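Labels run A, B, C, D, E and F following the written order; every chain starts at residue 1.
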Amino acid sequence: MSNPDHPQPRDGFSSPRFAQPATFMRLPYVTSPAGLDVALYGIPFDGGCSYRSGARFGPRHVRDQSSLIRPWNSALKVHPFDRLRVADCGDVDAVPVSIEATFAAIEQTLQPAVEAGAIPVCVGGDHTVTLAVLRVLARRHGRLGLVHFDAHPDTWDRYFGLPYYHGSTFRRAMEEGLLDGTRSIQVGIRGPLYGPEDFDFHATHGFEVIRIEDVKERGVAWVVDRLGRLSGGPVYCSFDIDAVDPAYAPATGTPEAGGLTSYEALVLVRGLRSLQLIGADLVEVSPPYDGPGAITGVLAANLIFELLSVAALNR
Amino acid sequence: MSNPDHPQPRDGFSSPRFAQPATFMRLPYVTSPAGLDVALYGIPFDGGCSYRSGARFGPRHVRDQSSLIRPWNSALKVHPFDRLRVADCGDVDAVPVSIEATFAAIEQTLQPAVEAGAIPVCVGGDHTVTLAVLRVLARRHGRLGLVHFDAHPDTWDRYFGLPYYHGSTFRRAMEEGLLDGTRSIQVGIRGPLYGPEDFDFHATHGFEVIRIEDVKERGVAWVVDRLGRLSGGPVYCSFDIDAVDPAYAPATGTPEAGGLTSYEALVLVRGLRSLQLIGADLVEVSPPYDGPGAITGVLAANLIFELLSVAALNR
Amino acid sequence: MSNPDHPQPRDGFSSPRFAQPATFMRLPYVTSPAGLDVALYGIPFDGGCSYRSGARFGPRHVRDQSSLIRPWNSALKVHPFDRLRVADCGDVDAVPVSIEATFAAIEQTLQPAVEAGAIPVCVGGDHTVTLAVLRVLARRHGRLGLVHFDAHPDTWDRYFGLPYYHGSTFRRAMEEGLLDGTRSIQVGIRGPLYGPEDFDFHATHGFEVIRIEDVKERGVAWVVDRLGRLSGGPVYCSFDIDAVDPAYAPATGTPEAGGLTSYEALVLVRGLRSLQLIGADLVEVSPPYDGPGAITGVLAANLIFELLSVAALNR
Amino acid sequence: MSNPDHPQPRDGFSSPRFAQPATFMRLPYVTSPAGLDVALYGIPFDGGCSYRSGARFGPRHVRDQSSLIRPWNSALKVHPFDRLRVADCGDVDAVPVSIEATFAAIEQTLQPAVEAGAIPVCVGGDHTVTLAVLRVLARRHGRLGLVHFDAHPDTWDRYFGLPYYHGSTFRRAMEEGLLDGTRSIQVGIRGPLYGPEDFDFHATHGFEVIRIEDVKERGVAWVVDRLGRLSGGPVYCSFDIDAVDPAYAPATGTPEAGGLTSYEALVLVRGLRSLQLIGADLVEVSPPYDGPGAITGVLAANLIFELLSVAALNR
Amino acid sequence: MSNPDHPQPRDGFSSPRFAQPATFMRLPYVTSPAGLDVALYGIPFDGGCSYRSGARFGPRHVRDQSSLIRPWNSALKVHPFDRLRVADCGDVDAVPVSIEATFAAIEQTLQPAVEAGAIPVCVGGDHTVTLAVLRVLARRHGRLGLVHFDAHPDTWDRYFGLPYYHGSTFRRAMEEGLLDGTRSIQVGIRGPLYGPEDFDFHATHGFEVIRIEDVKERGVAWVVDRLGRLSGGPVYCSFDIDAVDPAYAPATGTPEAGGLTSYEALVLVRGLRSLQLIGADLVEVSPPYDGPGAITGVLAANLIFELLSVAALNR
Amino acid sequence: MSNPDHPQPRDGFSSPRFAQPATFMRLPYVTSPAGLDVALYGIPFDGGCSYRSGARFGPRHVRDQSSLIRPWNSALKVHPFDRLRVADCGDVDAVPVSIEATFAAIEQTLQPAVEAGAIPVCVGGDHTVTLAVLRVLARRHGRLGLVHFDAHPDTWDRYFGLPYYHGSTFRRAMEEGLLDGTRSIQVGIRGPLYGPEDFDFHATHGFEVIRIEDVKERGVAWVVDRLGRLSGGPVYCSFDIDAVDPAYAPATGTPEAGGLTSYEALVLVRGLRSLQLIGADLVEVSPPYDGPGAITGVLAANLIFELLSVAALNR
C-alpha cells in the first residue's frame, strides 16, 4: 500500500495512463519544493548545443513518456515514492537566447530547493545546463564527486572563442571548484575525438575514464565496482543520454555509434545505490529526433526512475 | 493589459513556450470548474472508432501544440481570456475498455461544470464521446441546436449490432431527445458513403446538410449566412477534425480527401459569433498519424482558440 | 441494396475496415479478369524513375489506404460496384532490374483482360509503366485520346542516351502510334523546366497543355469543359499523382510545388464522366515519402474510386 | 525442391517480394483451414489495451513485413512449408467496440480450425485476444502448458472494475481452467511494477518467472534449458513483442526499456523445438509506433517464421 | 542553349539529380563571390528562435531539396542562370552559442559579396539573421524598401529583456535606420497575437500590413498590385516560410494555421518582378519538422528559384 | 596538430558541424583523385535491389551524417587524415535506368583513381555496384581476397532470368575471376534462405561463412582471428549495412532480424587492421527507411571512419 503522506503518481487503474496533463511519472505538479526529498525539474534549453538542437523539448517529452512508470522498482525491490517525497516542480524558465541568463534562472530556481534539503533531479536540455546545477549543489556540499555517463568527455575548452557550451561543462566546473576530480568518473567514452590531448585534462585533474571498451569487455559489474570508490562523500550523477547507443536513444544532440545498451545503462544506474547521491540530471534528449515509438523518451523516464530508486535506497 | 482577475496563459516573454507541463494554451490547470465561464476538458477515448485508433492521445497532443496560442484573436479583435474565465480542467478519466463506463465518467465529470454555469469545451477523443456531453447539456438547456463540422454524417445506426460508436452519435442523440433536428446543420459532408439512404435520417429529422461542394462553390460566407438561422437558441458546436482536408489535418481516425482548408475552417468557426454557444468539442485528432510538424495539433489548437473567441463575443 | 451478382467490397459493419489482407477497396482478389468490366491491377515498378524511388510499393500502399472507400459516390450519386463488375486482379509481376522485361510482363498480363473486354485501371509504379498499358489498349482500340494529369509533360527524349524512363512515356507512345495527339490534353503542367523547347513536341503533335495557372485562374469547370472535346472516341486517363500539390500528395517521385488541391483533383476526374474511358492509371505514388497519415495513399484511393465512378456513368 | 502438395510462398525470383496483395509470408490466402497443419490468423483488435492503441493494424503490418521471409530456416535447417501445410486464413473479424463480441468472433473462427487439427498461429492485436484463443485450445487439449514471453506478467486483476483487458489475460485464463500453472513460464519480466504482490498470483498457481536479469546474466541457453521441463504435454506460446527491447521493437502498446535483443528472442523461440506446440500467438505489435524501417514488423515476421519452424520440427 | 560563360546547374540527363554533394540547385560551389550577380549563402543559425529550434539545418535541407530545380522558369519564361551569374557560396559560419558573434560572422562574410555588386540571397536559419544581412545592404544602398512575407510581424521588442531574437528583427532594423518604413509591406500576417498594440510600431513607422484575410478575399493579384508601389528604389525581400500554411510548410519554428497556399506564395514572389531586388532571404525552415516528403524544403527551393527569376527579370 | 599537407576536415570549433555543403566527413571535395591515398566516392544506384529501393540517396545521407566525425580514432589511437591523404571525390554518375551503363560509369570513374594508386572507398548504392568496383581493382591487383559483412551470401544466380542484381554480385565476381575464393570470408550470414544449396557455391569455391551464431557465441575476437588468415595479399572489404541488426541500421534494402550490434560491427572492422586493404565499400544504406535520428547514416559514417583508420594503420 502506498504511503498516504507522500505525493503519489496517479493510479493507472482509475485514471488511464494517457490521460491528464503530463507530469513526470504522473506525480503531482507543485509550485514549491518545500518538504520534498527529491525535486524534479525540467531545464528546457538547447542554446549550448553544437550539432542537433531540440533538447529544449526534452522535459516535455520525458514527462509524456514517463506515464508508463509504475511505482515499484521490480529490480531493486523498492517503492521510491513511499520512501521519498517526490514531485514535479515544473521547469526552470530558461532563456532561449542566452546561456548566461539561463544559468541565472537555473540557479535562482534550484537554490531554494537545495537549501530546503531536496535532491534536485533535472531533465535537460543540453549538457550546458549541468554547470549551473553543479554551482548550486557545490555551494551547499562543497566539491562534488561525479559519475558522468556520456559518449564524450565534455572537457573541451572554448567554442568559437566562448567559454560555455555543452562540450566544456566539466572543464568549467573543475575550474570553478565545483568538482573533486579525483572522485570523478566518466563512463561510456568513445568515438572519434580530436587527439590524445583530449584527455590531458583528465590526467591533470584525476578524472577517471571508463571507455566503452571497458564496459563491454569487462562488464557492467566491473564498472559498478569501480564506481564504488566514490562512496563516502556527496556524488552527483550526470547522465548524458548519448552514453547509450543510438539504436536505444536516437533522439540526442550528438549521437555516437557503439554505445551502451538500455539494459547496461539501467544496471549501471542501479550500481549507484551505495553512493550518497545529492543530485542528478538526465540530459541531451532531443525529441525531434525520436521516432514514433519515442524510445529515447521511454528509456530516459526509466533511467530517472532508477535514479529515484537509488536515491531512495541511499536514504 | 490582461485582466488580472482571470486565469491567464503563461507569458511567453518570461517563460518560454516550450517550458512547463503542457496545459491547454498554457492556462492554469485547475481541479474544479467553479467560477469558470469556460471549462476546457480533455476526453481521451478512442474505443468507439472504426478505423485508425489513437485519439486517446488527442488531449495531450492538443495541449502540447496549443503552446503557441497568444492571448488576442487578431482576426476577431478580441481577448477571450479577458472576457471569459477559462482554465484547463484536466481530463475525464475515460475507461479504455468500455464505452458505457466512459459515458458515465464524462457525465459525472461535466455535470458539475455545466451546473455551475460553465461552457464545456472538450477535446476528444473520438466522436463517440460527444453523445455524453450532449446528454449533460440537454439536461440543462433542453433540445440543442447543432453545428456539426464533419466529413461524415455520423448518423448511422448499429455497428456490429451494437448501438454506440463514433458513427452513430447524432442518431443516438436525436433518439434520446438531445437535439433539435430542425436547428441542426452539418458542414463538410463528402466522400464515398453507402447510398442515398444515408440521408433518410436527415430528411426525417430536418437536419440540414451542407456538402463540401456547397462550401467550395458558394463560399464560406454563404455557409456562415446559413448558420445564422440557428441564432436565438442554445447551440452546440461539434467539430470533427476530418471536416478539414487530410493535407491540413492528417492525424485523424477516418480521413477523407477533398475537405476544408485550414483557412476555411477558421473562418467558418468565426462565423458562429452570432450564436449562443453553450458547449463545443473538437474531436478525432489521432496524434500517431500526425507528422513531425504536428500540424493537426496546431490547427486543432487554433480552432479551439476561435471557439473561445466566439464564446467571448457571444457574452 | 448492392448488386448480388457483382463482386462487392467487404461490408464495414461486419468486418472492420482494418481487417483482412488488403485488396483494392476491399474487393475480392481474383486470379482471372474473366467477366469483369473493370480489372484493377497493380504495377509495382520504379526502375524508370529519375529522382525518388519507392513507387514499387505503390500498389500495396494504395490497397492499404483504400480500405475506407465505401460503395456509393456521394458526389456523382452512383454505386460503381453495382453498375460494374470490378475486382482486384493482383499485380503485374514487374521485373525490378529491367524496364523492357517489365514492359513484357505488363503486356502479357493485361492483354487477356483487355481482350476479354475489361477496362484496365492500373496503380503504379512510376510513369514508365503507362507505355506498356497504352500498347495493349491501342492494339484493341487504335490511337487513343489522352487525358494526362501531371506536373510534367513527360515528353522528353532520351535519358542518359536510353529511350525509356518515366519522363519520355508520351513521346514514345506518340512515336509508336498509340496516341492521337490532337485528342490529347495535359493538365497541371508547371514548375521549373528546361526551356520553351520542352513544348515543341506538343506543337508538332497537337497536344494541348493546360497549365496550372489555367486551372487556378479559370477554374476547374473551365478545364472540364475543355476536356469535353475528347468525347466521341476512346480516351485513356493517366493520372500522375504529382499533378497534385505536395501538401496533398507528398509521396511522389518528383514533387513540384504549386499544384492542384485534392478537391480540384477530385472534381477534375469527375469531369471525365462524359468521356469513353477505356483505361486509366494512377501512378507515381512513392510510399516511403508519405507521412504517418498516408494522405497520398488516401487521395490516390479516392481518385481511383472516382475513375471507377465515371467509368460506371460512362456505361 | 519445395513440396508440391503444400501451399508455398510465392517465388521471389519470378514475382518481386513487394508485389501482390500482402499475405503472411506470401503464402496463399485461403478461406477455410481444412487440411492445414498450421492456420495463420490475424486478430486485429486493440480495444483491451491500456496505453498506446494501434495493434488493430498489427496483422496487416506483419503481413506486409513478412514478404522477405524465404522458405528455409538457415539456423534450424528446416523447410517449414515442406513439412507443414501452412496458409494465411485471413483475419478474425474482431468487433472494435466490444471485447466480449471479439472473444465470440475469435472462438467462432478458430474453433473449426482447431477441430480440424490445425495449429493456430495468431497475430494480434493486443494481448487481450489470447484469452479467447486459449479457450478454444483448452477445449481440445485440456489445461495447457504456457511459454509466455513478455515484459509484463499480465496477471493483474480488474481494470476500472472490469474483468478483461490486456493486463489480466493470464489471470482470467487460470481462473477459467485453461492453463496448468505448474507448466507455465514467463520470460522477460522487468520494469516498474506495482509491488511484490504482483507475483502473489504466480506463487499461488506455480507460474515460473524468468526475469530479464536471469536471461542476461545466465544466458539464453540456460533459459532454453528451463523451458525444457514443459515437454511431454501440450504447450501454448504467447509472444508479446514487448518482451523485446524498444530499440528492436518500438511499435508496441506498453514499451519497457531493457528487454531482449532480437537475437536473444530468435534463439529463445528456437528453444521451443523440443516442445509440443499446439498453438501460438505474436501480439502487441502497434504499427503506428514503428518507424519507417518497420523493424518491429520485420522482427515479428521472423519470430512467426521461427514458431513455424519449431512446429515443423515438433512434428 | 545555356549560357556557357555562366555557372550552370549540373545536367540532369547526364548526372542523376540525387547524385553529387548537394549544392543549391546543383550549381557550382564557389569560395569567392567575385564576378557573381547573385551570391547564394546559407546562414545556419537557430539561436534566436523562441519555439521549435532546428533551423540551423535549413541550408542543408534546402540544398538537398533543390536538386529537382530545372533551369527554366516556365511561368515567367526566363532562364535565370543564363541572365545571371549565380553560384553557391557556401554557408556563413554562424556561432551556435551567440547571436552577436553570428551577426559579426554574417556581416564579415556578406560584406565582400555586396561590395562586389552581388545580390545576396540567403537561406536561414531563423529570422534573427535577417538583421545582419540588412546591415550590410543598408551600408551600400541606404534605407531599404521591404517586402516581408510572414505570419508574424516580427516587430516585437525585448525578449526576456534582451534585444535580439527572431521576433524583434524588423523593430531593430528600423531603429538602426536600415529600413524605410513607408516603403515596407508585410504580407500574410495572422493568428493569435498579443493585442492591437502589436501594430503601434507599424502605425508609427508607416509599415503596411496585408493580413491573410486581404490575400484570401481580395486575391493575390490585388496584393501584387499593392507591392507595385515599392518600385523605384531598392527593395529587400524577406520570406519567412511560416507565411505559408503548415499544410504546405510544416517544417518551421512557429507554425500558424490558416496561411498562404504554395500556389499563392509562388505567384506573390513572381509579383516582385517589377521591383529592384537588392537582396533576399528565405528563413525559418526547420528540417526536423518536415515529413519524409520534405515538402517544406521543396517549396523553399522553388521560392528561391522564383526569387532568382524575378532578379533576372529585374536586370 | 594536424598534417598541414593533407586534406583535413573542416574544424568544428570555427565552422559549425551542420554548416556548409555536406561532404564525406567534412573533407574537401575534389574533382580529381590525383595525389590521394584514399579516394572517397559515392555510387548512388538502387536499380539492382530486390526489395526496398532508396539506396540511390545513400551517398548524400552518409555525407550528411558524417559531419560529426572528428579526426582522431580514439579506439585505434590513429589520426587517419594525417597518415593518409583523403578527400571526397564526389559521386559516380550512375545511370538510374541501367545496371550495365552504371557498371560502365563506375569503371570509367574509378579506373583513374586506382591507376593513380588511391584506395577507393565507396558508399553505395545497392550491393550490385560492388561488382564494377571489383573489376577495376582486380585489373590492378589480380584476384582479391574478400571480407564480406552481410546478412545474405549474395551468391545467388539469375534474377528473373537476368545476371545482375544485388543478390548475385559475388557469384558474378567469382565467375569473372575477380576474387580468390579461398581468401574470401563472409561474416554475419543469417535469416531465412532458400535451402542448403545456397551454400553449394561456397563449398565449390572455398568461401568461408561465419554465421551470426558464430559471432554471437564465439565472440568478435574469434572472428577477427579468423580474418587474420587473409593477411599477406590484397583484401577488399565489402560492408553491407544489413549485416548489422535493423535496430541499429533500419535503413536498408533487405533487413534481417538478429544481426550484429553497432559495437560488434565497429570492432570487427577494426579487426582488419593487419590486412592489406586495397579497397572497400559500405553499401545498402537506404535513407528513406531511416528514422529522424538517422542512426543508420551515423553508423555508416563511423564504419567508414574505421575503414579509413585501418587503412591508415596498414600503411
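The criterion applied here is as follows: a contact is a pair of C-beta atoms (placed from the backbone, for glycine too) under 8 Å apart; a residue touches a chain by one contact, two chains touch by 3 or more.
Remember, it's a predicted structure, so these values are computed and weren't measured experimentally.
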Indicate the lowest number of steps between chain A and chain E, counting one step per move to a touching chain.
1
Just to be sure I understand the contacts, which chains border both chain F and chain E?
A, C
Centre-to-centre on C-alpha atoms, which chain is most distant from chain C?
A
Sort out for me whether A-F or B-D is joined by the greater number of C-beta contact pairs.
A-F
Same or different for chain B and chain C, when you check if over half of the residue numbers at their contact belong to both copies?
different
Which chain has its C-alpha centroid at the greatest distance from the C-alpha centroid of chain B?
F
Mind checking the centre-to-centre distance between chain A and chain B? Centres are C-alpha means, answer in whole Å.
40
Rounded Å distance between chain B and chain F, as computed from the means of their C-alpha atoms
54
Would you give the residues of chain D that are in contact with at least 2 other chains, written as numbers and ranges?
14, 16, 18, 50, 52, 56-57, 95-96, 159-160, 245, 247, 261, 288-289, 291-292
Looking at which chains touch, is this a line, ring, star, complete or other?
other
So, with touch as defined above, which chain pairs make the list?
A-B, A-D, A-E, A-F, B-C, B-D, B-E, C-D, C-E, C-F, D-F, E-F
Within the complex, chain C is touched by chain F residues 46-50, 52-54, 56-57, 95-99, 101, 159-162, 164-165, 288-289
Chain C residues touching chain E - in the complex, by the definition given at the top:
50-52, 158-160, 189-196, 198, 211-213, 216, 245-247, 250-252, 254-259, 261, 288-291
In the complex formed with chain C, which residues of chain D make contact?
14-16, 18-23, 29, 42, 44, 56-57, 59-60, 63-64, 88, 90-96, 288, 292
Chain A partner contacts - residues on chain F that touch it in the complex:
12-14, 16-18, 67-75, 77, 79, 245, 247-248, 261-263, 266, 291-295, 298-299, 302-303, 305
